[in-house]
Amino acid sequence: MHPLKTRQPYPRNQWWAAAYSSEVGRELLGRTILGERIILYRTERGEPVILSGLCPHRAFPLEKGCLSGDRVRCGYHGFAFSASGTLEEVPSQTAIPAKADLRRYPVAERGGVVWIWTGSEALADETLLPDMAALGPGSPAWATEQHRLATIAARYTLLIDNLLDLSHASFIHADTIPGGNFVAGLPVDLVETPESLNVRRKGNGLPPNPFFKLMFPDHAGPLDQSFDAEYFGPHLIRTGGALYDSANGALLGTQNYLHLITPETPSSLHYFVITSRDFATGNPALGQTHMDMGLRIQPQDKAAIEAIELVLQGLDSPPREVSARCDTGALKVRHRLETQIRAEECPA
Amino acid sequence: MHPLKTRQPYPRNQWWAAAYSSEVGRELLGRTILGERIILYRTERGEPVILSGLCPHRAFPLEKGCLSGDRVRCGYHGFAFSASGTLEEVPSQTAIPAKADLRRYPVAERGGVVWIWTGSEALADETLLPDMAALGPGSPAWATEQHRLATIAARYTLLIDNLLDLSHASFIHADTIPGGNFVAGLPVDLVETPESLNVRRKGNGLPPNPFFKLMFPDHAGPLDQSFDAEYFGPHLIRTGGALYDSANGALLGTQNYLHLITPETPSSLHYFVITSRDFATGNPALGQTHMDMGLRIQPQDKAAIEAIELVLQGLDSPPREVSARCDTGALKVRHRLETQIRAEECPA
Amino acid sequence: MHPLKTRQPYPRNQWWAAAYSSEVGRELLGRTILGERIILYRTERGEPVILSGLCPHRAFPLEKGCLSGDRVRCGYHGFAFSASGTLEEVPSQTAIPAKADLRRYPVAERGGVVWIWTGSEALADETLLPDMAALGPGSPAWATEQHRLATIAARYTLLIDNLLDLSHASFIHADTIPGGNFVAGLPVDLVETPESLNVRRKGNGLPPNPFFKLMFPDHAGPLDQSFDAEYFGPHLIRTGGALYDSANGALLGTQNYLHLITPETPSSLHYFVITSRDFATGNPALGQTHMDMGLRIQPQDKAAIEAIELVLQGLDSPPREVSARCDTGALKVRHRLETQIRAEECPA
């Protein structure tokens, strides 16, 4: 599926953000992830649970049912399942049919996010989870904000493309990102490791602006600002980065924008954004400013990639693509993603 | 089409409810039944007429035209057809083109309902019509209520499944059907005849409730209540049934809920509901209570099966199905229906 | 695609109305024509430009970008193109990628309309443009009105069918076209030339009505009115025509209704209507009456052919069609159009 050249649209042996921790509680939450309907809730002890979302009896969506203790009861004919997915009760009889269990997905909670493993349970490995604390969320040394979850009617790869080519900041976000108009003109530096691929830009000697002032009230002169776009996998991209005193190169702090991307269907995605910083952590006005900016920036990206999705769906064949040099990172990311998917399509 | 294992979605050699009698008059009524557009009206003498609904000239929907006496005139170029479907007038010429007639469907009127025969005209047989008077509608000894016609975005077989497994009353209708919470726990008794298949339950010694009091104001003690689900064919299912005095087993009366189901398209249906009783026939408050309850119950079933229809349309293959013992009746009904459809697909 | 028996839905070596001249200015106008997204604008010198509407970089719709002088700048990453479609600037680099130009469509402006040539550029020939001035628009001797552009959810051939069989005026427009009720009964006269096919009707001795009075205030008696339907190609049909004094046959004037039809997609069309007359050219009340009538007439045709389009999309196979003698012109037009399309599908 354009822009990937693979049969499957996404990898399955992968952790994905399923929900913010605050969304998951003692009510059933229904969601579609990678084309599969799931339900999320917490046990009475507070542990997150993710089960398949359709009753195996007559395919009724389980989120329309209810929780009874740790059990999920279907809202149609009352079949009840334990938190491990086992069918435990059929109201009209005492015997329990075989092979009627729900799939229980491997689940983990990190950095205020409930993560789901969508692939083979045998391969679920918590060491593959992103190190959220290192990026801010969950670490006491950082302040973080969770932005409103957006569900976007576009294939998830369009959002990856979007984030890996930050030159768009100078056009789509010219009025919403302070300093964004500098980005397209900055040289690009590519840092590749097995863990990530970082498309780095640095704006040197950027003149003071009100946003810088809010971040660093004690600093008066120009700043050197990082515009990283670091791909850890299709589930997580970090933008932003370190800020320095232009006068002496001293590190002032790090401002991360964490983009958690989860395919909903082949042509839609869930988009979780978390901002985090290791400076001015006690300043609620700065956090509020990030939330306000997010409300203006995110709809611009949503509108852009939804417009492209509509274009693609109207085409009989994939569009031609002319790439610029600053697309190199995005193209390498596509290649990484294709390699990951192909390894699942045709295991060695 | 799931849940049936047949090529055709529905049988055609079958009477179906096309409209309530009160809907059919001297205005053209357009409707889609089994994927075919039809028009319904009455002649000046009051006889119901059902014709195919597209003008054979340029496929204009005839319900946008008008009646001139007993003739239907197309609203686009004025072609006019008799009540038997014969093209009788072309405004721009005197000659009448050949092979331009509308199909006239066999039609019958019983129990306040206009019935259509959708199959081969040679096989249309009024003795195959349901005996409505025996079920209440059209008999002077019964009181009846016609409930609002609902068109539901779900394949008709999901509504048949729904009605044949009344254990759902204890969950979907727990708040709207008095005594419904007992149903799932009652034992099931299956009565099969060539004419019908009845999934019977009986609640014995049900304690008095306001609804019982309204039905039988002179009776104070507990009741034995029938929860039948009797399939006469895909066009008609009866639920409810007889009520008895628990003390001595005396019959107090019969309360029927008649469910007339007509496929609109492979994935939608028309749902006519008629309630009928042979007791307290002069009590309008009881009739109003039935109408009010219908307004609360029907949307619950509609929401449930529309949710399942959406699920099914989103799946690449039919869902797995785990069945309970109380599904036996519903599964036998599916088998009857498949047998009926296959006899049309491959006549002996 | 019904009603044509060709593989391609429309001819491409053809001029089509792309926009009214007044729609095209110094803002980017996006439109879809024959399934292709285009943008329209004027250079600083006022010349109309039509370019393909998707950025070759990442398929972003260019109408969401902006004009910088005569250049189009993409709103996503800032790629900029000259008015001839040449990629001239990539903000993130100095080199210009090859093969990144937009298609520039041949364009012409006649009669207040911007015309696009959708086929091979080598075959674009301005002598194939309709002689608009002869029909009124652009000629100082005529008064003209441009009616509101309508986009209609129906294949363009349904509008051609509609216009070539004006007997529909007696039914669909019985209440909106003065004298329309006469049309279906008038004899038809077919005039075929290489340039056009004219289905002519003439109403003789039509009694005076308020509309005639408004057109010819100095004339009191009956009129002979032409109801032509003249096909010049799929892009242009003229209806209306000359009006005469019934008493002596003297020509009183000509009232044209020009129907400019442009396929948007295989199942939708843009509909431009221009009325023109060579009499009472200084009477604004008459022009206003035409505009008011258009607001009532056009929605009737739109509703009719959109209803048929919905019918056709719901059918598994093309509908049967019974034709009357007065359809001869429309059927011959279908044949001309099929011949035109086949010549492109299989050049001699």
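Details
Each chain carries a letter (A, B and C) given by its place in the written order, and its residues are counted from 1.
Assume a residue touches a chain if its C-beta (ideal position, glycine included) is under 8 Å from a C-beta of that chain, and two chains touch if they have at least 3 such contacts.
Predicted model, so just to flag it, every value in this text is computed and none were measured.
Because contacts link each chain to all the remaining chains, their graph is best described as complete. Although chain B and chain C carry the same sequence, what matters here is overlap: shared residue numbers make up under half of all numbers found at their interface.
Between chain B and chain C the centroid-to-centroid distance comes to 48 Å (mean Cα coordinates, whole Å). Chain C has no residue in contact with two or more other chains. On the side of chain C, the complex with chain A involves touching residues 35, 37, 54, 56-61, 64, 73-78, 87, 90-93, 95, 97, 99-100. Only residues 161, 165, 167-168, 170-172, 184-185, 188, 304, 307-308, 311-312, 314, 319-326 of chain B touch chain A when the two sit together in their complex.
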